[in-house]
Amino acid sequence: MPDDLLRLDGLTKAYPGVVANDDVSFDIREGEIHALLGENGAGKSTLVKMIYGLVKPDKGSMTLRGKPYTPSEPSAARQAGVAMVFQHFSLFDALDVAENVALGMENPPKPRDLARQIREVSETYGLPLDPSRTVGTLSAGERQRVEIIRCLLQDPKLLIMDEPTSVLTPQEVEILFETLRKLKSEGTAILYISHKLEEIRALCDHATILRLGKKVATCTPSETTARAMAEMMVGSSFASPAAKAKTPGEGLLRVDNLTMPAPGAFGTPLRGISFELRAGEVLGFGGVAGNGQDELLLALSGERTSQRGTIWVKGADVSRDGPVERRAVGFLTAPEERLGHAAAPNMSLTENAVLTAGRRQRLVNKGFINWGRADGFAQDVIKRFDVRTPGTHVAARALSGGNLQKFVIGREVAQNPDILVVNQPTWGVDAAAAAAIRQALLDLAAQGAAILVVSQDLDELMEIADRFGALNEGRLSALRPVADLSIDEIGLMMGGAHDMEVAHVAE
Amino acid sequence: MIRLEKRPQPSKAWTVLTPILAVILTMIFGGIMFGLIGTSPVEAIRTIFWDPLFHPQFANFSRPQLLVKAGPLILIAIGLSIGFRAGIWNIGAEGQYIIGAICGAGAGLALYPMESALILPLMVVAGALGGWAWAMIPALLKVKFGTNEILVSLMLVYVAENLLASVSSGLLRNPEGMGFPGSRNLSQWSSSQNLELIPNTGMHLGVLTAFIAVILAYVLLTRHIQGYNIRLTGEAPRAAKFSGVSPARTILFCLGLAGALAGMAGLFEVTGPAGQISIDFGSGYGFTAIIVAFLGRLHPVGILLAGLLMALTYIGGELAQLMLGVPGASIQLFQGMLLFFLLGVDVLTNYRVRFGAAEVA
Amino acid sequence: MDLSNINPILLVASIMISATPILLAAIGEMVVEKSGVLNLGVEGMMITGAVIGFIIAINTGSPLLGFATAAIAGAVLSLAFGVLTQIFLSNQVATGLGLTLVGLGLSSLLGKPYEGQKTVTLPKLDIPILSDLPVVGRMLFSHDIMVYVSLGIVVAVWAFLKHTRAGLILRAVGESHESAHALGYKVIRVRMLAIMFGGACAGLGGAYLSLVRVPQWTEGMTAGAGWIALAIVVFASWRAGRVLVGAYLFGGITVLQLNLQAAGMTWGVQYLSMSPYLITILVLVLISSNRSRGSHNAPANLGQTFHATR
């Protein structure tokens, strides 16, 4: 076919213990938007890294416009006209926009010319950006623009986008889609990686679906239902969390005008956050990453203590208490980052059980650790939450992301907290594990616990939360019942429209 | 092409095997070094590792020396290792050792020539306090201002050395010493002397204290929540904060403990083997203890064995100087090589080595 | 004591001499740290440079050859550090300490036969016109070539980091090795080169001690200069210009202290000798307590091990 831009033929890549890609073949045509669809761990990242020259395939070949294409390194890929926007950005916080752009180019022009070009491209594609800003001070959406502009300056034939919308508000997603459609109309092909089915149906011409490293299908998204694509992607059906029937009880956690300075040079300050969390309810906080989620979690867990009178548990002021004291009164938290924050990578699961459960589960007596009890508790968690591991002696880093996530969430749930705050509970977790974690949270709420879920996955929040609020630049929007929210309203809340009357007008 | 692949979890076997491998590599390359300076490698290695224990003529003298040298090394290394476990890099133990000796000796000499069984215990406490206080300087500066403890603790070694020079020719100078720098001989004053507990073993109070420290450190690290918190801080500082461990308290505890142990080591040395405060009292134990701590894998039992091994290289080194005429510095280099090889082969504990096609990376 | 013996012209001139070893070591270490590597072995590389430079100079009669060999020796020693930390992924703090211990042992072993010997030193340059200027001529323009080489290196490092693509890549590697790797830059290669540059500079600094400043070989003659160089990098918050300021300030303190001793200040020579170390601590405290200015400028990946996965 003459209009094939890139043809992949039998690409195979194996890592010890896992075949990341197994005989994957498909074509990307000139000027099309081609979706690459699959669950976490389906092998999307490895495939893309082979196209971008970061990883060399064990077997198989690639052909770019009829010529053999074997990029030995990313710069070779860039020279051949392949550019990539990364999922976890490839940016340098302490450097400015122009320097970041220059680092992603093969032959960057002189600094002054480059700044001019950045301005031109950013105007042409509706991506406003100041070349002299330090990247660390940019929002997630702006950071993505840096990546995109870096690619566009090189006139790529193929633009790879890895999960680009996970950091954007619905409105920003629309802007991005406009940009991508414009690029397509100019003849640039786009390989669009995602697991969000509606996006793909709205944007893409073709879709290739990967499951467990193998290609399972290629389809035309606009002619395929989301349900059908989901089934191809997951392979089997899984239980959706049970429906909720709630009568919220007494207020357990009250946050009152919580204001804190940013923890570091590139953090977000918290500005006057107030809310009440009641027994039996699930409250969901959405928002684009970097709008104060991590900072709020640090303040709630007690890792950073706030001013007196800002955080109340069951009527008692805990603002100055550390994590140990807060756990003692039944106030538990689970941070976003599994390895290094919620769990120590090189320590065993038993040791990691002591990390938060030492006092509450009476694993420590007069300063001495009862390793027998600790091991028993770790085994309980493993059993109850179906954590797949050879045993409790295994180091945390040896577990897959989903299994470790089940362990660290399970560790808190199993302590029967009165209040549980979780950040990104299902980030990077496969669908079945995510469903299990959400179910565990709902069950806990049904038993009368108060739960706050902070997440960037709006679908997740809509599924399990009773009330919804959005974080924007460290501020919390008004809280609204999930049942009568539209996606437009959510977008406005995330974008920082604090005046809810505006949102009502928009309805 | 050689590739490294991270193990899912640290290999237990290699944890034990790497120090042994490092010793063997050091013997090989140390042998080459001795060959280069014109000494028979086999003879040099035998003189260092075998003769101190089994030479028909020298062993009787050098065998007790093993514990005498190992005592302070182990005691200091135990303190350092607990800090290293938490990612707190106190490399100024030499200074804490010197200040401990000065404070302990000063406390004792203030009471000279009184005779009391309480004087030595008082001196031990003063020595420990001196070392503790000296270590509190980097600790407090780190807690208050975030100042780098590596540089501060090291700078304080030079300050301590100058203080040592000052007191040995000033404040603590022996009034009956005919103007020579150096304090009264503490090992000849019955109230302060730290004698061998069992004759001809080298076993003195300091060595006993070192053994007790090994046991207590083992219990602390494996059974006690404080030890757990220390390990957690070193493994994952953010997880430690999440767990509720106060970084400031961990820093104060670790540096304070290391300082107190180093100070005690200094006191036991000045009341025993060294005998007096003098300009050349600083013997480098504080630096060698860093090697001991790593060679012992920061594990109390490992440190016990590593301290004995390192003491052996000291004594063997002296023997080699005497019998083969190798320069003393070659032993220092030999010890440095040991640390280097250990750090190098340590990769085997956490990574698998694979031979195969190159990864484009 | 008689302070009038202190000649201000000679004072400035001797500050430049006394600052040069630390300046060389510190500017090299700054480049290493900019690439994200913390090499605590500066002291060991300096003293190795000092002994090697001295041996070569005394045997060949050429101090410049001594400097060249000292740079190579420092680089070779730092290569050992590089192999251990970058390829064998060892802990940088521990390996740096090990490097210092190895360097101290190696140097005293090699230097034993040379103790107390004299060597030819570098001649003072006689720059036409400039050297003949009154006051400033003797103060600034009558030094040996290495003083100007060290200043040249500072300027070159500044220009390299600020204006070249290679400098940008080096900074990028130090900021985020993950991102740099994702863009296809060779993190380990960049760091290896930086480490070797740092080693060469430390070697030069050491050789300046044994060939010009003292000029003699004595065991342990660096006496913490390498550690002070490390402190100066922190003081300078990783900026080349400030490394120059820091090194000259420190040189000033050392010279002043020596001058006071020479001027016959009798009370406690030891207290004067310890003053440079105390002042270093003081400066470190001031810098670290003023966080808004200083420490956020540290390369984000400083001291972290990089291992490319998948």
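Going in written order, the chains are labelled A, B and C, and every chain counts its residues from 1.
We take it that contacts are C-beta pairs under 8 Å (C-beta built on N, C-alpha and C of every residue); 3 or more make two chains touch, one makes a residue touch a chain.
The model shown is predicted, which means the values in this text are computed figures rather than measured ones.
For the criterion of most C-beta pairs in contact, the winning chain pair is B-C. The chain with its CA mean position farthest from that of chain B is A.
Remark: chain A and chain B have CA centroids separated by 47 Å (rounded to whole angstrom).
Spacing of chain A relative to chain C, judged by their CA centroids, is 45 angstrom. Chain B and chain C have CA centres that are 28 Å apart.
Within chain B, the positions touching two or more other chains are listed as 359, 361. Residue positions of chain C touching 2 or more other chains: there are none.
Residues of chain A in contact with two or more other chains: 53-55, 73.
Against chain A, in their complex, chain B makes its touches with residues 5, 8-10, 223-226, 228, 231-232, 235-236, 238-244, 246, 359-361. Residues 16, 53-56, 72-73, 301-303, 322-324, 327, 333, 335, 337, 339-347, 351, 354-356, 358, 364, 367-369, 371, 394-395, 397-398 of chain A are the ones touching chain B in the complex.
Of all residues in chain C, only 40, 80, 83-84, 88-91, 93-95, 97-99, 101-109, 112, 181, 219, 223-224, 227, 230-231, 234, 268, 270-271, 273-274, 277-278, 280-281, 284-285, 288-289, 291, 295, 307-309 touch chain B in the complex they form. Those residues of chain A that touch chain C in the complex are listed here as 15, 20, 45-46, 49, 53-55, 73-75, 78, 86, 88-95, 99, 102-104, 108, 264-265. Listed in rising order, the residues of chain C touching chain A in the complex are 165, 168-169, 171-172, 175-176, 178-180, 182-185, 296-297, 299-300, 310.
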